[in-house]
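First chain written, first letter: the chains are A, B, C, D, E and F, and each begins at residue 1.
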Amino acid sequence: MKNIAFVITTPPNSNLTATAINIVTAALTMNISVVGVFFYQDGVLNGSQHLALPNDEYQAHQQWQLLHLKYNLPLHLCATAAEKRGLSDDINDNQAKNVHEAFTLSGLGELVELNVKADRLIQL
Amino acid sequence: MKNIAFVITTPPNSNLTATAINIVTAALTMNISVVGVFFYQDGVLNGSQHLALPNDEYQAHQQWQLLHLKYNLPLHLCATAAEKRGLSDDINDNQAKNVHEAFTLSGLGELVELNVKADRLIQL
Amino acid sequence: MSMLHLVRTSAFQTDDFQQCLNVLQPTDCIVLLDDGCYNLNHDLWQEALNKVALPALYIIEAHAQARAVTLDKEKINTLSLDALMTLICETEKSVTWQ
Amino acid sequence: MSMLHLVRTSAFQTDDFQQCLNVLQPTDCIVLLDDGCYNLNHDLWQEALNKVALPALYIIEAHAQARAVTLDKEKINTLSLDALMTLICETEKSVTWQ
Amino acid sequence: MSITEKSVAILNASPPLSKANAKDSLDVALIFGSYEQAVSLYFQGDGVYQLIAEQQPELIQQKDFLKTFAALEFYDIENIYVCHHSLNQRGLAEKFSIENVQVLNQDDFAISLHQHQTILRF
Amino acid sequence: MSITEKSVAILNASPPLSKANAKDSLDVALIFGSYEQAVSLYFQGDGVYQLIAEQQPELIQQKDFLKTFAALEFYDIENIYVCHHSLNQRGLAEKFSIENVQVLNQDDFAISLHQHQTILRF
């Protein structure tokens, strides 16, 4: 059995992200160990706390939150990419804090560590 | 002399947005009347209050804010596009409010009105 | 060393699939997914068939059906996302063209 | 009615410029800006020269220089962004290929 | 404010089911329609996939916004033009999910597009 | 945690000055380098424009992140491969902004890329 890590670069309102969620879910239900998901570039928008997609559309951000709850899946937002898109978890400025609690802001070094921990790093 | 309106669809960390700002600035300094700028798709990220681009990089969002201050340039964020990217000006939830004050959340109808008011609508 | 190519964009719109074919080796696998499904009807698909044996060419069935892309068993094999995960585990490495 | 075409992407990477050429009329203008500047060295540029007279073909000088794209007066005219704004005012309509 | 007539073309160049461009474009078309503006839709390049019959977006967790095309008529958006060259290149038959689609050859498509005062492309 | 060696290829396919892909890719390369991972850079398609000499990003309000390429050596990133076919297609001479760039023909480029365990493409 392999360990897998994922890099996600697509935003929640793209169907490419639904594909990524389906692939990650397939891995988890097949008992493949997913050591973590690293969100980079526009992918960090998946971790926004205040996303409001129309009710009748696919709620990508909520799906990530569910995977985190159900499988304890680590969800890392690249901190630099997040800052460039207005996302922050600054505890000194409650108004600026807008990263959902299921996600962790991490440095790019976390991507290196995921690559080391995992047998395979899949970019989606 | 013509009236011009602009539609901006590129995010602040793209150099395409610097081009757009330079073109809008050219219009304003030539005394061409710019009736408004409508931000759509990823363009709405320009209106985020908490953007933090690296200090040594071009600060697109601040340039828009300066144009608004100096020329009273109307900056409209498409409300639906903004919600999909976690941007809100909800006065009932101060924590969720993260649209910079230089920008106004507007419906898509504002785009129609800008098109009617302007002789030309330029998409960038 | 065999490589899995995940192709997510249309060759009618971008250069990604052409670039994929430029690095493709005979022992590699290709999976068409998302808008990559449209490549089944692009002239470049013949190049893929020439470079790689048919058993190593796949398309995600649901992604093709969603796009009304007609499947032809002589040009490609269908795959579920579960089967894609298995294929990922069986191959040594992958590159995503998006 | 004459149309101004603002071309912002590379024809080596996307289909946008080809689509622009497919709707181009003899009285239209083309301006290459941003990554569109790379199109000056694409085979398709000859097609633009065949369809439209040289005085109606422009490139934003700073955008070309930033990209080390060598300018050739027999293939294109240079423009500042101020001059682009004037051109926008002088033409009737525009479409942006990005 | 009074709204005067000004002809708008929306040029669709994006495939329907991956990025949000196709949906964002349709939203713009519908709002222009609801303000009773003259709006025409053009489909070129991978944009022609938007109108192809028998798509099943529900198979990929996508809301079937393509059904919204059927609402265009309700908004008096009746000018819908598809580039024949783009269909041909993709091996697509002229089988569409909505009626009243007009397939134009490359020259007619170009000339028709040139009739409008505002062109937006997605 | 201990970090073991695993060979990483970063495949650059984006032009340098418009979208942020080129910069985002370089940031990834540098972080892998700073963690002393074996990382090689590949440039294909419009990605080859990233390395071309005499670019002047400051003319378009762009920070000259291209200068950062000069820092690659400091991070022991010494394997930098450019696809000759892509250069040729674009009419580009082999004049680069940094030294130690290796231009490979299409087959050698492909074979070299296949040597790595992880490939990221931007």
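Annotations for the structure displayed:
The rule we apply is simple: a contact is a pair of C-beta atoms (placed from the backbone, for glycine too) under 8 Å apart; a residue touches a chain by one contact, two chains touch by 3 or more.
None of the values given here were measured: they were computed from a predicted structure.
Chains that touch both chain B and chain C are the following: A, D, E, F. Look at the CA centroids: the one farthest from the centroid of chain F belongs to E. Its C-alpha atoms fitted onto chain F, chain E is found rotated by 180°, rounded in steps of 5. Of all chain pairs, the one joined by the greatest number of contacting C-beta pairs is A-B.
Comparing the residue numbers each copy contributes, chain A and chain B share more than half of them at their mutual interface.
Each chain gets a centre from the mean of its Cα atoms; for chain E and chain F, those two points are 39 Å apart.
Chain centres here are Cα averages; for chain C and chain F they lie 25 Å apart. Separating the CA-averaged centres of chain A and chain B is a span of 28 Å. In chain C, 8, 12-13, 15, 34, 63, 93-96, 98 are the positions where the chain touches two or more neighbouring chains simultaneously. Of all residues in chain A, those that touch two or more other chains are 13, 15-16, 19, 22, 54, 80, 84, 120, 123. For chain E, residues that reach two or more other chains under the stated contact definition are 17-18, 20, 45-46, 60, 62, 118-119, 121. Chain pairs that touch one another, listed by label: A-B, A-C, A-E, A-F, B-D, B-E, B-F, C-D, C-E, C-F, D-E, D-F.
On chain E, the positions that touch chain B within their shared complex are 1, 3-4, 6, 8, 20-21, 24, 27-28, 31-32, 34-35, 37, 118-121. Per the touch definition, chain C reaches chain A in the complex via residues 6, 8, 33-34, 63, 81-82, 84-86, 88-89, 93-96, 98. On the side of chain C, the complex with chain D involves touching residues 12-15.
If you check the complex, the residues on chain A that touch chain E are 13-16, 18-19, 22, 54, 56-58.
Residues 7, 40-41, 80-81, 84, 107-109, 111-113, 115-116, 120-121, 123 of chain B touch chain E in their complex.
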